[in-house]
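Data first, discussion second: the structure below is written as structure tokens.
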């Protein structure tokens, strides 16, 4: 058998051909807090744009999910739960999953291992206090991970949803990974806070692009992981575009529409043996024999 | 009631479903003056591109507004009114609103509170001198605001049209806010002065995008705030595109097409009690217990 | 009469409604020479991409112009004429206009007035030596101009084609200006030399965009100034796209298709009295009373 | 004869009108190694995105090539062959060509001549060890070349496929050059690793663009050199898009679909006399008489 051959299809439940997750990273003002942690500017523009998310955006999208009967996974930074204490309980009451997403949307490359662990505990505490429950999953701010973070996620028994080494569930260092995908993230196409940012793409173009992605995901039997943000996709014509995409997905029939926690539980129960990846960071090439030999 | 529920629709006048404002930020050469305030280059390219606005661009768009019977709101920096003394009187004579937009398009983050207040007075003076009237509204250059600016705008009794924390009228620190929207601003899609700027998008694509935005705005009962610039949307095929957009808006029927001053007056008279926002800038997270606890 | 009224239509010859110029800035390797003037890298990638222009690109486009019977204006840096001595005579033999475009595509903001004048003489010398004729017009590298340059262009009796303060012919400091337009320049949409440059747009999209521009230009009675580059628009599907655009222009009927020299001569003979602009560079606002008053 | 005339058509074999090569630069994690050679970050995001290529991407594309009966040319950095020792043998077994592409995807401008030669030997060694064969061709990482590299490529008797001075095969310094083309490279349209990268374009748009390029390539009798990357075009809807493009190419009939080695061999045997280019790097213009004369 040539190793160019395709692997066996991923075993989705109930004979489904592919899977689909709707997720929202409810960042709101938290990245602003992180970016301005050393000096707080007296400027309102970015804050107000971001506050649109909890005030309006999340509601417009939640109403569409409710109409269509879709349950999603909402990753909420601790600082957002703290500023909007109605949010976690309301999401759970509506049947959605809530998961961890840092406290201040702190960027991985800018915090120490010790700081990460400490702030993860703070996030967990506020989730438990506000909901009476322990969340099942973690999604890293800006989708970066380190071996230390994976070890911490494993210690807590969470799944992770931050990496993209495969487009079906797998494990990394023994943690169930439900992979994300830049191609189906709203921020890279729509995020715009002001001068210097690239102008947003049209919802019609991205609907076309995500429809193509969905057809390909179904053909290849993989997971379509949609990620949107409260203040980005909650504005303008984007909720309408999301509605159109969800209608296409639901109309397909043999797609498993599930929360990320449900996908992670399925993987843990039925497919833990396949695609076990060990995080491996290559050493510097400057000590590699191909570079240094004399 | 779950706090994920949508709020009650905004009470537009005469039972209209949504609203539409046509606005122009008549920047012309004023940002060039600001950007080059410390050293003036002997270069003509940018200046001539910007001068196209008062020479040609504003006229082509004004002719289309006149044909369609649309009254707009024109925000004119003091330096532009000074260089083109015909402009404010001609706009008023044609039935449009004129409003404040800084003197040299000075960027908020680059001026002190004292400088802001001083230059606001200069702008007001030239408006009164040229038109015999006091303008009703203020729009911040580059759409940035501070608590100090809001206090100044309130002291003068102006409305503001610079923030985007909601997509319907509201108040911020007691000032009536008629919100703007990057998604319906021409500059982020079309502005191009030369090497290094991202290339302009096609008018056809943006017409499609703004038509989608308009349909969504109507569905959600919000305000479609269109913002164009004299030297940007006055050039090439863009006035024709604006004409097509306005025709769609006018054909819809139950959309309230109004000046920003009319929208602000309506809000002050009929909806002052809803959506009262207090500007609140979070303190540094470094003093937050979630970050610093030991 | 309100000054918001549109001016009288530009008086094109023979009752034509609008005008169209096909121009090529034959930069080839000359910007590479300028960018690397202080240190020459031993790298071939950019040079070979640029050499494609004189080897192939200019020929593919010239063949299309010949088929359609369109005469264009080709602005050739001195260094390009020097490296390809067949070029100027061959262009003239084919009925095209040739014009000045710097010697090494030197950027205006990076040369002194004295250097500009000296290098302009070198360019003129090589044109006279290779063609036996004095060119009629000047186009500035990267479309920048200074009052000094305009004075030099006037001293030589050239027209200029570098600014965009109007979209019909006019004068600046007494020099006939046949204006350019970033929106109908190929480089901003297609130029790509390697890592870091924004990816090129599709010829189909730009054909749509330029077709819109052409219809608007015709509606407003202005000049459609198309500018392409040998190594950019001579590659891939772009010559085919140019052919499609030219076919649309020719099919319109009442468009004056002319060289830039012909347009300049027409303006000098029939419309010199209108739109006389004096270059005026505002002084620093820091000495403006609105900024400094106490 | 005017030198603006088009040259004689390239002599493709069997009376074919144009040619088409499918190539993959199998970069996987090797550029990550090069970029982080001085300090290795403990971050997994980019590595996992790149590892998707050898795990999944190359397989999905290889399956499509197999279905359509297309043989491609795969340029594999030494470090990728070393990390995935199944890859070179599996590609050869499937009938594809394998070629050299650096060891760590080292960028030309960042290595000395001596380092280039030394690392080229390392690459060659691993190819010979894993396949028992000597590869026929070289493609430079990031498509940069120097006169030294050409001399080394010539010493080994390889063809090169890295430059774009023509769009048909030719020679540079006596080395057969099968030219590449940024316009038909996937990375410039799709590559996205995270924050700061421009967002990817839609596969539908690029399929349209490449179809236009293909029609033009056929009209002008040139070579369509398609270049994709394992971890970029192997993801999402892009393999499906490649399938659609290949179906168009195969349906055309008189296109020669060949590996790069086959094209290079054809050129060496039948067209060596035409288009012989000598690498020539101009000296600094500061010593040019047009610049320095007094």
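Just so it is clear, A, B, C and D label the chains in written order, and each chain counts residues from 1 on its own.
Please note the rule applied: contacts are C-beta pairs under 8 Å (C-beta built on N, C-alpha and C of every residue); 3 or more make two chains touch, one makes a residue touch a chain.
Note that the structure is predicted; figures quoted are calculated from it, not measured.
K.L.:
Cα centroid separation between chain A and chain C, in whole Å?
P.N.:
49
K.L.:
Could you please state the distance in Å, as a whole number, between where the Cα atoms of chain A are centred and where those of chain B are centred?
P.N.:
34
K.L.:
Please set out, as single numbers or ranges, the residues of chain B touching at least two other chains.
P.N.:
Where chain B meets two or more other chains at a single residue, that happens at 198, 205.
K.L.:
What topology does the chain contact graph adopt: line, ring, star, complete, or other?
P.N.:
Its topology is that of a ring.
K.L.:
When you check every pair of chains, which ones turn out to touch?
P.N.:
After working through each pair, the chains in contact turn out to be A-B, A-D, B-C, C-D.
K.L.:
Can you list the residues on chain C that touch chain B in the complex?
P.N.:
So the residues of chain C in touch with chain B come to 2-7, 108-109, 142-148, 150, 162-167, 172, 181-183, 188-189, 198, 201, 205-206, 208-209, 212-213, 215-217, 219-220, 279, 281-286, 288-291, 293.
K.L.:
What part of chain B is in contact with chain C in the complex they form?
P.N.:
29, 32-34, 36-45, 47-49, 51-52, 55-56, 58-60, 62-63, 78-79, 82, 86-87, 90-91, 93-94, 103-104, 118-119, 122-123, 126, 192-195, 198-200, 202-205, 235-241
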